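Heads up, there are several structures right after this.
Two complexes come next, and they have one chain in common, chain A, joined by chain B in the first and chain C in the second.
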Partner chain A sequence: MTGRRGLDRRSFLQGGAAALGGAALALGGRELVEAAGGPVPGGGATAGGAPGAPTAPDDAVGRATEGFRGTRQAGVATPPQASAAFVALDLAGDVDRAALVRLMRIWTDDIERLTSGRAPLADTEAELAAVPARLTVTVGFGPAALAAAGVDEASVSWPAALPPFGIDRLEDRWSGGDLVLQVCADDPLTVAHAVRLLAKDARSFAEVRWVQRGFRRAVGTTPSGTTMRNLMGQVDGTANPHLDVDANLIWREDGSTSMVVRRIAMNLDTWDELDRDGREKAVGRRLDTGAPLTGGTEHDEVDLEAEDEHGLTVVAPFAHVRRARTDDRAQRFLRRGYNYDDAPSGGAVSDSGLVFVTFQADVEAQLVPVQRRLDELDLLNEWTTPVGSAVFWVPPGAGSGEILGQSVLGG
Partner chain B sequence: MTGRRGLDRRSFLQGGAAALGGAALALGGRELVEAAGGPVPGGGATAGGAPGAPTAPDDAVGRATEGFRGTRQAGVATPPQASAAFVALDLAGDVDRAALVRLMRIWTDDIERLTSGRAPLADTEAELAAVPARLTVTVGFGPAALAAAGVDEASVSWPAALPPFGIDRLEDRWSGGDLVLQVCADDPLTVAHAVRLLAKDARSFAEVRWVQRGFRRAVGTTPSGTTMRNLMGQVDGTANPHLDVDANLIWREDGSTSMVVRRIAMNLDTWDELDRDGREKAVGRRLDTGAPLTGGTEHDEVDLEAEDEHGLTVVAPFAHVRRARTDDRAQRFLRRGYNYDDAPSGGAVSDSGLVFVTFQADVEAQLVPVQRRLDELDLLNEWTTPVGSAVFWVPPGAGSGEILGQSVLGG
Partner chain C sequence: MSNTRTITRTSTRTDSLDHRPSADPSSATVPSETSGRAPRAPRSLLVGVAAASLTLVLAGCASDDGAAASPPASTGSSSSAGSTESDGSAEADALTMTDPWVKAVDEGMTAAFGTLENSSDADLVVVSATTTAGSTAELHEMAEGDDGAMTMQEKEGGFVVPAGGEHVLEPGGDHVMVMGVTDPILAGDPIEVTLTLEDGSTLDVEAPARTYSGANESYDEHGDDGHDHS
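After this line comes the complex of A and B, so read on.
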């Protein structure tokens, strides 16, 4: 947790903040010291803080780090960072278990350095590594990587792909992959630098298959704990399981999990034709607060039985929230998605959507039943189209001296 | 300067900060109150600040606004925001002066609302407008827009395009355009929403020709006043003119200016083959600090005469800094570029570069001579390739009751 510049987030928080005149800024469920009061270029005065008091650096967001070593990989339970890139790679034909071990040895070392704000040994742009900004890199294995490692897929009880759905319009260029890197940080330059370095590391082992970049609100722009909004304007990700109470839904006992990445294109042109009332009925939630149409606030339960004055259910049979919801508490999963907004082509106004990302202990038991229900009926399908899909096994975290994937690769 | 939620940056700074226990955070030359101390989810304690003292919101970055009305458009002298999109549009064949007036009336009203955190009248995702995050939208006119307005290009003494350079490998898909929108904010979702809304506004007048998105370090990640780094790892933009002292280099008397947008692709694969010494010689500056190789700190003058122990100039004849520099103080311009890092294709590791953006009163007197020298000789040309180029006339700002482009369009 200690960055190169010697800022340890925890001890800074516990001991240093008061002395520095800083104040804790709660951002998405984590504690982070937001420091202030450096010199103002142009001779402007600083406001606040006792005159002459020592001031904390104004780059606290950049210095913050997330731990790397542990029984679970970072980037899953980590409060979502503002910027992300998902990079899928195809293995070269000659990559065997020994080659995978070599790649994981390099990646493990480089990820540990990058996430602590230190430049990897082969980093040719070392200065770009000095801003960790809560960088996490999460590595996942596709079917071919497990096969190359000599692992029986069944032994990780993990499907190679989701079953086909009627709503799918999957494109090869956004689907599949033998390995995946999920690279997240509160700064897009940090993400870009880490992606390039790790992709270069893999050059003699694999080729980049696809890259999907995404974003959420920047740090400091919305009150702490705000659920993100997607580009349809909806509050997105309200009903996530609790990271501690529901840990068994997210993780397996050995610290592994699985990651699903689906690219969901939004047809914002036809979505625009729908008025606010129609939009709220399609989702079953209010647009302004994200609260269920049956009342309360964002995190209150939706009342699926409630009827309006005509005796019709308030939440329509086709509403997204009704179709996604279940009384089976086991059919839940952790959503950790990002917006995308790419350059449009062919006269379109925009090319936008959601990189829908989920983590769950068991894809088939938790995610697939929900996706099946949404495939059968969900009014939102009118304006959203899955154009990419991939499933990866996420090995446990690397303990001290271990490499990522150690449990299946050995060292 | 007052956002919808009633936060006036200036008065907040002057009066509210001390009372709120906040501290001024200097970000890129501006003063911004970074407030802290909201509730910490999960019951964590807050650090710093007197117990029980009122706390400021933790969304100060999101609430900050830049003024819109004035004799000069915002987004030029404005300290660069973290996220940007450049959108070029092609006018429909039937757009005449009256149609342009209609479009500018809509854009002017919508930009004024968006930049103050209020949703435009036709905004179908009104909630996304609530986070201005220092949003600015700068509008520029290409040759066809001036022709449609019945304006003689010569009367704005502004070239339709840069002269061709030997290093150019320009692609149509990144070049030209009849209108341009430069949309910048400290939050990428704010940029995406504004771009979509303004592109929709223009739907019956013009078609999107190209969109280029870019980024700099996120707010709070680097110390205030830090010059940005590009994806080659270089400090980029050191020698900018002073906004006040050199105002005549940036603006014309009427408040207009011109904007050049060039897409500069970086060949990071071959750049990687160069060691640090070679890189520093190519640029003429140190990689770690951006200081000239002849000593001092980043903003010190380079000594072009200094010799090493072999009697050779320290800054080589081919070095970028020597070729770009001139004793003619009139040959300067305001650089306000952004990094880009798009998804690679065809097995490449990355597709990265710089959206090189300049503002200057006179393109031909200020920018072209420098570009000519760099075209003749600049070792950096080995690793950089201009693939897009466009020049726009940026009309004066809209005063109260005026529309953008009023001076050439009338009202």
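After this line comes the complex of A and C, so read on.
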């Protein structure tokens, strides 16, 4: 804790807040996993000390764990970690059901070990596994994996891909994939190690098709539960369904769900041309608080009927919130996106955007109608372009003794 | 720590007998025993040096195998007792192996690793091994020769697991060498390894296979003298 002048009190406050935050965060993770129906591994090295204890360990963030075993996979209802990598893989041509079983045996064991801070078998950098930092790894199957497994796609009821949208400028290098790994942790080195280990262990089955890395605020930099901001400066993800009340929107009965990964490029150069008022009108929310332009706070309902002194609706017809919002409560989904900020090319200042990630029980019923409306009209489309898209079926979690994908792969 | 340059040199194994560790007389059989495998093109220096220590692990093994175990069918493995369940007083009751694994290979040789743990108050000695995945299994160690080079050899006296302690089998160290693999060992598949202790009791271990770049049983990985810095 380094301080400059006048920081005595502040550093004290920050220290206390960080300590409490670390413990609370870890507990929050456990509670959420429990609420989601999954067991919490007994030995989880979650942050020590009760809330209110004078000190938490310096490395409480690194030691925190999220449960792995359960009826639902972790990494969906889990409070979003700070760092993420999304890795799509293509199966080798000879991968059949038996091979998929072998791969899932390997990944299940790897993930169980990694998420508890233990090195997987044959880990050549075993020391890197010692910091779980709330690591979760969520595995998804693309259409080819289900086909290889001999699964009737109708039995899992999901679309292999989203319908084409007019705004799409999709590139192969960010689209599709036979398998996906969503690897999230509160430490980027933990993420990198897990990604490499899992991809290495899959070498004889699949090769990496694309990797998208993303980030949010680091742990301890904002109060727990703060909605993230994207690189356009907007509060992003306010209107998420409630994890418990709306569980049926997120999960299917068997604990499976579906995951959509869309890469949304932002044109920050033209966004820069827009003044603050214009930016807020484009979204329909205040930039500072994320509150609707019709008043209240971030989580208050937007009043789409409210008019200004000229008789125009406060929230413009083209505003993002108006187009995205619906009275149909079924047309909602869990957003769990991450910012990306990659190296630019061709003289551009930046290559930034959002890895837009959603989970929903039914892609076609919940997500597609909203995406259609945004495709038809959304002023934000002026500055955002979907360049990648992929849809995956996320199998139920692995119960004790089970492998991921057990319900469709058997043994 | 071993001397990397020396390790690299000793892994140049086909060309010069005088580079074999002098402590290992069996190395005289090396050149004739490279049969069945085409020499690989030398890799880049960087890869070679980096991989040398692990590469050598099993490359060295192979040479020793040639002296001690060839023809492969007639090793000194004394596991004919089979994998009978041990009775209450058997040594194997006190022995466990955690995190066992084996390197996936299509054919030929590979190795099994893991941590042996002894819950008894007397030392235990693993004296031999068998596996369903290969025709032969041997207990190997990495040893330092007179010239400081690390090389592999069959471990005389077997693996000693100290009372209440553990004995680690890992790439670059002691391991169960598996030879005569004819059916591919596929990543994710478990193979059966049976360890036999001094009293003849046995421990059956299921070791899942993993794709692994190290622990290569390559012959002639660095088949020139270019890395000889001695």
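Operating definition for what follows: the second predicted complex is superposed on the first by the 355 of 411 C-alpha atoms of A that agree within 3 Å, B and C clash if a C-alpha of one lies under 4 Å from a C-alpha of the other, contacts with A are read in each partner's own complex, and residues count from 1 in each chain.
The rule is short, and it goes like this: contacts are C-beta pairs under 8 Å (C-beta built on N, C-alpha and C of every residue); 3 or more make two chains touch, one makes a residue touch a chain.
Keep in mind the model is a prediction, meaning the values are calculated, not measured.
Q: Taking the superposition on A as described, I'd like to know which of chain B and chain C A:Cys184 touches: first, second, both or neither.
A: Neither partner.
Q: Who does A:Ala192 touch here: chain B (first), chain C (second), both, or neither?
A: first
Q: Using the superposition on chain A described above, determine whether A:Val131 touches chain B (first), chain C (second), both, or neither.
A: The first partner, chain B, only.
Q: With both complexes superposed on chain A, which partner does A:Asp59 reach: first (chain B), second (chain C), both or neither?
A: first
Q: With both complexes superposed on chain A, which partner does A:Thr222 reach: first (chain B), second (chain C), both or neither?
A: first
Q: Quick one: classify A:Leu121 as touching chain B (first), chain C (second), both or neither.
A: A:Leu121 sits against chain C, while chain B stays out of touch.
Q: More residues of chain A are touched by which partner: chain B or chain C?
A: If we count touched residues of chain A for both partners, the winner is B.
Q: Return first, second, both or neither, reflecting whether A:Phe205 touches chain B, chain C, both chains, or no partner chain.
A: second
Q: Taking the contacts chain A makes with chain B in one complex and with chain C in the other, which residues are shared?
A: Dual-contact residues (chain A): 124, 200, 203.
Q: Could you please specify the touching residues of chain A with respect to chain C in the complex?
A: Going through chain A, the ones touching chain C are 99, 101-103, 105-106, 109, 121-122, 124, 200-201, 203-205.
Q: Which chain C residues qualify as touching chain A in the complex?
A: So the residues of chain C touching chain A come out as 99, 101, 103-104, 113, 186-189, 208, 210-214.
Q: Using the touch rule from the top, collect the residues of chain B that touch chain A in their complex.
A: Going through chain B, the ones touching chain A are 13-14, 17-18, 20-27, 29, 31, 33-42, 44-49, 55, 57-62, 82-83, 124-128, 131, 133, 186-190, 192-193, 195-196, 199-200, 203, 207-208, 210-213, 215-225, 229, 231-233, 268, 271-272, 287-288, 339, 341, 343-344, 347-350, 352.
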